[in-house]
Each structure stands twice: as structure tokens, then as C-alpha cells.
Amino acid sequence: MNKTIKALGLALMLTTAAGGMALAQPTEVRIGVALEPPALDPTAGAAEAIDIVVYQNIFEGLTRVDQNGAVQPGLAESWTISEDNLTYTFKLHDGVTFHDGTAFDAEDVKFTFDRILAEDSVSAHKEFYEPIESVTVIDPLTVEIKLSRVVGNFLFDLGRGDAVIVAPESAGNNANVPIGTGPFAFLQWDKGSRVMLEAYGPYWGEPVSLSKASYVFIGDTATMINALLAGDIDGTNNFGQEALEVFEANPQFQVLVGTTEGETILSTNNTKPPFDNLKVRQAMAHALDRQAIIDGATYGYGVPIGSHFAPHNPYYVDLTGTYPHDVEAAKALLAEAGFPDGFSATLKMPPLAYARLSGQIIASQFAAVGIRLELINVEWAQWLEDVYANKDYDLTIVSHVEPFDIGNYANPDYYFGYDNPEFQALIETLNGTTDDAQRKELAVEAQTILANDAVNGYLFELPQTGVWNAKLTGMWQNSPIEGLVLRDIKWTE
Amino acid sequence: MILFALRRFLGFAVTLLVAALVIFWLLDLLPGDPAQFILGINATPDAVARLRAQMGLDAPAHERFLGWIWGMLQGDFGMSYTQRAPVAELIWGRLGVTLPLSIMAMVISVVVGLPLGILAARRRGKPLDTMVMVLAQTGIAIPNFWFGMLLTLLFAVTLRWLPPGGFTPWDEDSGAALRGLILPSLALALPQASILARVMRTALVDVTSQDYIRTARAKGLTMGEAVWRHGVRNALLPVLTILGLQFAYLVAGTIIVENVFYLPGLGRLIFTAISERDLILVRGATIILIVTVTATMLVTDLTYALVDPRLRERSAP
Amino acid sequence: MNRLWSHPSLVIGLIATLVFVAIGLLSLVWTPYPIEQIDIPRRFLAPSAEHWLGTDNLGRDMASLVMSGAWTSFLVAAIAVAIGVGVGVPLGLAAAAWGGPVEWVVLRLTDFVFAFPAVIVAILITTLVGPGAVNAIVAIGIFNIPVFARVARGGALSIATLDFVAAGRLAGLGNAMIAWRHLLPNIMSLLIVQGTIQMSLGILAEAGLSYIGLGTQPPATSLGLMLRDAQGMFLIHPWLTLVPGLAIVLIVIALNIAGDGLRDAIDPRLRQGNPNVLA
């Protein structure tokens, strides 16, 4: 009996000790990311690496996009929309301060949008906010935004990294010392190595669990593996799929496989012969073996797509069967188009593992139907100039990572060179429609047109494969918008 | 000697000026617009044009070149396009990695390579000689980045003695910073030490067959004494040449090794800056790298002349 | 001929090098499988009768890749050494023989070229003309020029003061003749040793450039590019890293042994008393 009590006492002591240890668990997280941002101002650059560090961590917008892609209140606690869908009135949160201590109010909102729309604006996405006619301060906590035309997706656009609220006092220095209203404040940036953030005490919203977060820049998979195994970092949001196996079987790690907004496509220059011929494009679509590309380039983690739309989006329709893999059909179509012996073309590949791998595989698949591809590796800067700006290309492979970017096809000057008045009218209707059921119908129609026209080779939705310490929770599995949101991340036992 | 040194300094300055011209001209030819790169894929042409004007990319080339040189002479390397911070500051931070790394590798290779070379030459034909030369042969043949991967596997992943990559700033924890440089400098030093051992051995063997060694031996010195007094000193000439050459290799090597170990050094700065078309940053960083290498050559030349006065007299007017 | 055969290290090194060169040459006309042939379902196969060295992450035959990759590495390094010798040695000899302003110009020129590390040159060329094997050749070749120039000059200077050179001068030989007749033969061993080092360094440099993405590009391959492709899978499929890595090591060792043997065979002063096969 005595012994039992003693044993119980010991057990209790042990429990207490364990509890004490649990209290001492870390509140700091170190995250490996592939790319170092060139600067930290999300309103003056489109690099995804910027949003990975600052979006919803340092900076917040009027609205925010949650991990399911839905719009949630941000700095605006509520809003009303007028009958004609042209006037938005936002009620702002009270007691919000910037990290430098200055107060946030409606003037900052006005400043932010005036800056985006100004003549000398350097916003990378001015076009999203161009419909804004005026921003009016009603009182310090109320702001009214008037639009010149209906924008169906406006609340989502307000939640993008491009529209985060900045203060006139600090906006000029945000590239190096970002000052926002978010739950984390900028601490320091060791160029070439890491950026550190710390929890911002006076944060207006739910307090966060982490006290400190560092983003460590590690560009190649081998180093990332070593850093994870050695415990130098606690996780990464997107890990090279070729080596996921190392962590899948390891109980110290968890692997989070999710989706992104990245439609990976074989972009085709629709204005350039022979690609201006629908039969040639259809032949190319038949020549593609999506599964082999997905297995080879993403180790099976990519999700096949048949049009330019993310599979996890509620408006998505599966069109992967439009032109199934069929070598004979491809050859027949090529012959009909006047190329019985195939033709030669170039494929320019930007410096991304998925692009380089897919390119080699596609070259091998196209060779089987008689299309001989010359593979050309280009750097990003060169890709942007040659392919994107000057449209000097036949084919290229790239992932279009922006949410809901099907509207690009309505722009005949976009680098695809796709000019279809029917499609353009459809997108205009879609942009001006706010009813969800109608929007869905229109979106499905848009996807179908693109799939039938085989505008580009639709390959797969880029997967997001995160590897994290098994004791961390709260990471976003999917990436409906560019960013790595720290808000909910915490250590558990 | 002073005249000789002056001529070398003049040469140094001319080299740098020509190098600056070439770099500026080459980078101006590069395809790819920095403004387009910064703004990214969906930027409007208007936004790109505005940013170009803001960055001063519209001025004629000779104006920008003179402005650049004039600024550098005053210590102002300009502002980085992409990072929007002073270039001098960015470079200074990176030198704190690249220089210690190169110097550590150099020291390791000298401390390991030279004694092994001398030892092998002294024991010429003996098993020790064979062993050292086999080791050196293998050391030269191993690619440094591959060796780096193997070192990481052993010391960082398996034994967990040293970090697998990355870098802690010196002012935060200098011990950790030093530990972070150990594996990379070992990877860099292995082939260099092997080369040094071979060159030292060859040079000593060459020298020992020369007349003055025979004379010295005839005067009653033992072979060891003769080699030490006359041989090593004369053998140092080719070794010095190689050392000067090696420093350039080391600096080039750091660029690759910095990539393997993810060190924030000058090489990686240039590497990323050029892909981001941050031309002003690339120019500044390349010039600094070139100054480093050229200055080493200058020092090698001067030392050369000190060791062997014959060369100095010959070059004097 | 007998003289050559009396150097076992030369024989071993030469034979090994020739075997590698022959394998590389063979890859031009025949490989077990075409190296562009991608077959995803057949990836990561272990070595077997069908695939002697297994298959890589895209289902390509590793043996074919190594054959073709070895040839690329050889070709790049050899052309780069030829550039270095062809331009560098005449410059170095001229500097030693003429001295004065000629020497000054040559030294400044080598300083200048030397001031650009090969990787920087490669990065610049890549951004100008795009990445590729040519890139690597030019970058490494340019780097070789001042190396040979300096070694030729340094070697020539250390003998330029010797009696037989002075005798040549007294006999009325011009600078060019002195350089050709007296200086060049006497620095041959130095050049061969340096040539060996540069050849092996060239192969290593090609590997390094390809490894960071500046050298050879797919669908062509080189040993360095294979290492680059395999680095992320180092822990799961170490074989893919070991095969090209070891191939590099073996080729470079073979070259160096051949070079050492050649040096011993050519240089009469070093001929006696070096019985070591591997030294």
C-alpha cells in the first residue's frame, strides 16, 4: 500500500516534471524557403518570395484570404456593398497600430490606394485596382470605396499582397524595413541568409503563439534535406518532391501535401505558325502523356488539369479527357494540318525544376509523333523579356501561380497571343457578375472554350509539398494565395 | 625595389580600370530588363517604364559609367535596384564570409600541403612518398562540391558535429560563424593542399638535382641540410607562383562551394544579382572580387621579387 | 619507344586515359540506350544485365549517360587546355625573352584576364549567349591562358640566367630563337605538369559549372550535370551521385598519372630514381 502511494507520488512528480518541460517548449520557428525576396515591400513587386515572408505576417489588407481561398475580414471588421455593387463601405478595426507605434486609421487606407493608383505607382498589379474611382474617408474608422464598374472579385483583390495597408510615415522604407499592422514585426534581415520576425505585442487581433520566426534561404533540395535532418530548420512550405521519401517514413517529420494556384502549362505562341492552326494544337494535346509528366516532374504529386483552372476551386470542371493521350490521333491531326512528317520548334524553359524536367519529358513525347523540340534553358530575367514581354518564343513551360487568372486569356496582347472575341465577351460578363451560381456557369464555359481550343498544353496543378517538424501545427496545407501565414503555427507536445 | 613596386602599382591600377570598363560594357549588353524583373510577370508596360526612369536607367552609357567610377572612388557604389540598399553595405556584409572562407582554405592547404610535399621529397621513393602522392592524386581528383556533399553527410547529417550549411553572422555568435565555415573550407582546401604537396615535391626534387646542392653536399652538408638551406628557398619560387594562382581558384571555388553550403558570400551575391538583373550590384561586387584577386597577384609579385632579387633587377629600367 | 615503356606509371595512366577516351568516343556512335530516351516507369532501376549501371530519375540508362558525359567532360577540358597553351605559352615566353615593355604588357594582360574568376566569366557568358558547353570551354580556356603564360614565364626566367642561354645570346641568336631553342624545351616538363593539372582542373571546373547550372545543358549531359540532377536525391538514391562522382575521380586520376609518367619520360633530369608507379 505504502509502495503504491509512493509510486503514485513518483508518477505525479514525473507528470509535473513533464508538464514543466512542456511549458519550456519552443516558441520560435525556423522555416526554410527556396528564394530570398529581393525586397520586402509587397506593394512594389510581384515576387512570390516577398509574400511568403510578409503576407498576413507583417502586412494586412482590408480583407484577407484564408487557407481555403475564402475572403475573411482583415483590418476591416465589416463592410456593406451598395445595390449596384459599385460602392463598398468598410468599418475599420479600432485600436490598430503599425509596428512603429503610429495609429492606423482611414487615412492610411486612402493613402495606400492613392499610392497604388498614382501616376508614378510601382504596383505590379495596378490593373486590379484600376476600377477604383475614389477612396473617401468618412470618419477615422470608416472608409468608402467607389468603383467605376462592377468587379466580381473585388473583395478577394483587396486581400491580395498588393493591397496591404501601409502608412505614409513608413511606406518609403518598406523595401528594407517593412512596417505593417500584422501579428509579426520585422526584426532583422541578414542579406543572403535569413529574415527574422518577432511577435508584435500590441497586435490588435488574436495573439499568436510563436514569439519569433526566421525564414532561412536555402535554394537547393540537398541542402534543405540536410538542414531539416540536422534540425537547423523546423520545416519548409515547399520541398522538392524528388526527396519527399526521406521524410515520409520519418516519425519526426510530417509531410503536408496540398494544392497551389499554379496551373503549369505548356504555353504556346498562338499567333505563330504552325501553332495558329487548331489541328496542330490539338495534335500536341493528344501527344502529351500527362501522367508521365506528373510522375516525372512532380513524383506523382501534381494534379492533372485540362484547362486553365485550379482543381480545388468550386468553379472547376474536369476537362482532362478533352484530348486524351493518343499518339495515332496526334499523327493523324498533324497530317491533316499539312505536317505528315511533323515539324521542328523550340521550347524555352525558365530555371525551375518542374519546367526543366517537364520539358525533357515533353520533348521525348513529342518526338514520338514527329514534333522535334529544341530545348533552350533561359534565366528568369531573359524569360520575362524574350518570352513574356517580346513574345519571341514557340513554346515554354511555366506555372501561372496567381489565383483566378483565367482572365489573362481575354487579353489578346498577353504572351499566349490568344484572340477570341467570344471568350473576351464571356470574361467581361463574368467580371461584371456577382451572383455565385451565374459566375460558376460562366467560369465553366470559359474553361471549356480554352480546353477545346487547346490554347496551351494543360499539364498539372503545381503541388505544395511541405515538410515540417511533427510537433508543429497550424501550417497551411494548401496555398490559395501566395504567402506562408504564421498566424496559427504553434508547437505542440 | 621602390621603382619596381611603383611599376607594379601602376599596372594594378591600369588592370582595374580596364576591368571596370569591360564589366560595365559587358553588363550593358545583357538581355533582360531590371525593371521588368522587379515588377514581374503581370506588370503593365507603363509601370515598367516608370520604374526604369526612377532607377536612372535612361541616361546615356558614358554618363552612367563615369558616374559609377566617380562614385566608387568616393566609396559610393550606388543603390541596389532590387534590394534598395547601398551596394557597398551589401558587399561588405558578404566579404565577411568570402574572405575568411578563402583565407581559412588557403591556410589549411598550406599547413597540410607544404609539409607533406617536403616530407615526400625527403623520403623520395620510399613508401611514405608513395602514400602521400597517392593521397594527393586522389585529393586533386575529387570535385570540391562533391567532397562537400560527402563531408556534410558525415559531419552534419550523421554525426551532427557541424552545421550542414547556412551561416550565423559574426557579431551574433562568432563561434557559430566559424563552425559554419569549417566544412566549406575543408572542401575547398582538399584539392589545393594536394596540388601544393605535389608542386612542393616536384620543385624540391628539381632543385636537389641542381649544381648548388651538389656543391653544398660536396662542402660536407648532409642532403637534409642542403635541401633545407638551399633547396626549400629555391623551390619556393614555383610554389609562390602556384599559391598566387591558387588564390584565384579559391575565390572562384568559393562561388560554387557557397552554393553547396548556402553561405551568404560574395559569389552567391553575384550569382543571384545577375539573374535578377541587379546590374549595379553585379558591377560593384565583381569589381571588389577583381580587386581582391589582383591585389593578391600584386602581393605575390612583390614577394617573388623579395625572395629572388635577380627578378627585381631584371625588371628594373 | 623502349624509353616510354620503362615508365610503368606512364603506361598505366596512358592506358587508363585512353580507355576513358575510347569509351567517350564510342558514345558518339553508340550507347546502350539513347540518352534522350525518357521512360518514367523504368526509373531508379538497380544495375542489371539490361542496364549495367541502372537508370536515373527519368528512366535513362546510367551507363549511356556516363559514357556520353565523360566525352563532354574530356572535350571541354581538352579544348580549354589547348586555348590556354596556344595563347598563354607564346605570351609567357615572349615576356621572358624580350623583357621590358613586352613583359610589362604580357604581365598586365595576364593580371587582367586572371582577375576574372572563371565562374564570373561563365556567368557573364551565360547571360550573354545562354548556358551551354561552349560557355564552359570559353570560360575555362580564358582562365587557362594566364596560368600557362605565368608558368612559362616563371620557368623561363629561372633558366634565362643560366650559362647556355647566355652562350646562345653570345652566338648571336635572336630572342625568338632563344625562346624556341633554349627556353621552350627546358620548361617542357613544367608545362606538362601544369597541363596535367589544368586538364584535370578543367574536368573538375566543367563539373562545377554544370553543377551550378552554367555548363552543359540537357538533353546533352556531362558528369557534372548528372551530379546536379542527382543532388536532391542524394539520401534516397546515393547511387546516382556516386556513379558520376567516381567517374570524375577515376578520369582525373588516370590523367594525372599519365601526365606524371610523361614528365618523367621527357625530362632526363627526373628520369633516374623514380621507381614509384603511382608517384
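Each chain carries a letter (A, B and C) given by its place in the written order, and its residues are counted from 1.
Basically, a contact is a pair of C-beta atoms (placed from the backbone, for glycine too) under 8 Å apart; a residue touches a chain by one contact, two chains touch by 3 or more.
Being a predicted model, the structure only gives us computed values, none of them experimental.
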Most centrally placed chain - per-chain CA mean versus overall CA mean: B
Taking each chain's C-alpha mean as its centre, the one farthest from subunit A: C
Inter-centroid spacing, subunit B versus subunit A (mean Cα positions, whole Å): 40
Centre distance in Å when subunit A and subunit C are each reduced to the mean of their C-alpha atoms: 45
Between subunit C and subunit B, distance of the C-alpha-averaged centres to the nearest whole Å: 20
Touching two or more other chains - residues of subunit B: 31-32, 149, 153, 157, 259
Multi-chain contact sites of subunit C, meaning residues that touch two or more partners: 127, 231, 234-235
Of all residues in subunit A, the ones touching two or more other chains: 220, 222, 351, 379, 382
In the complex, subunit C residues that touch subunit B: 99, 103-104, 107-108, 111-112, 114-120, 123-124, 127-128, 143, 147, 150-151, 154-155, 157-158, 161, 190, 193, 197, 200-201, 204, 207-208, 211-212, 224, 227, 231, 234-235, 241, 245, 248-253, 256-257, 269-270, 273-276, 278-279
Residues on subunit A engaged by subunit C in the complex (per definition of touch): 220-222, 225, 240, 242-243, 245-246, 292, 295-296, 351, 356-357, 360-361, 363-364, 367, 375-379, 382
In the complex, subunit B residues that touch subunit A: 31-34, 36-44, 46-47, 50-51, 54, 82-85, 90, 93-94, 149, 152-153, 156-157, 160, 163-167, 169, 259-262, 264-265, 268-269, 272, 275-278
Partner subunit B, residues of subunit A touching it in the complex: 36, 38-39, 44-47, 119-127, 175-176, 190-194, 216-220, 222-223, 226-227, 229-232, 351, 379-382, 384-386, 388-389, 402, 408
Subunit C residues touching subunit A - in the complex, by the definition given at the top: 36-38, 40-41, 43, 57-59, 126-127, 130-131, 213, 217-219, 231-236
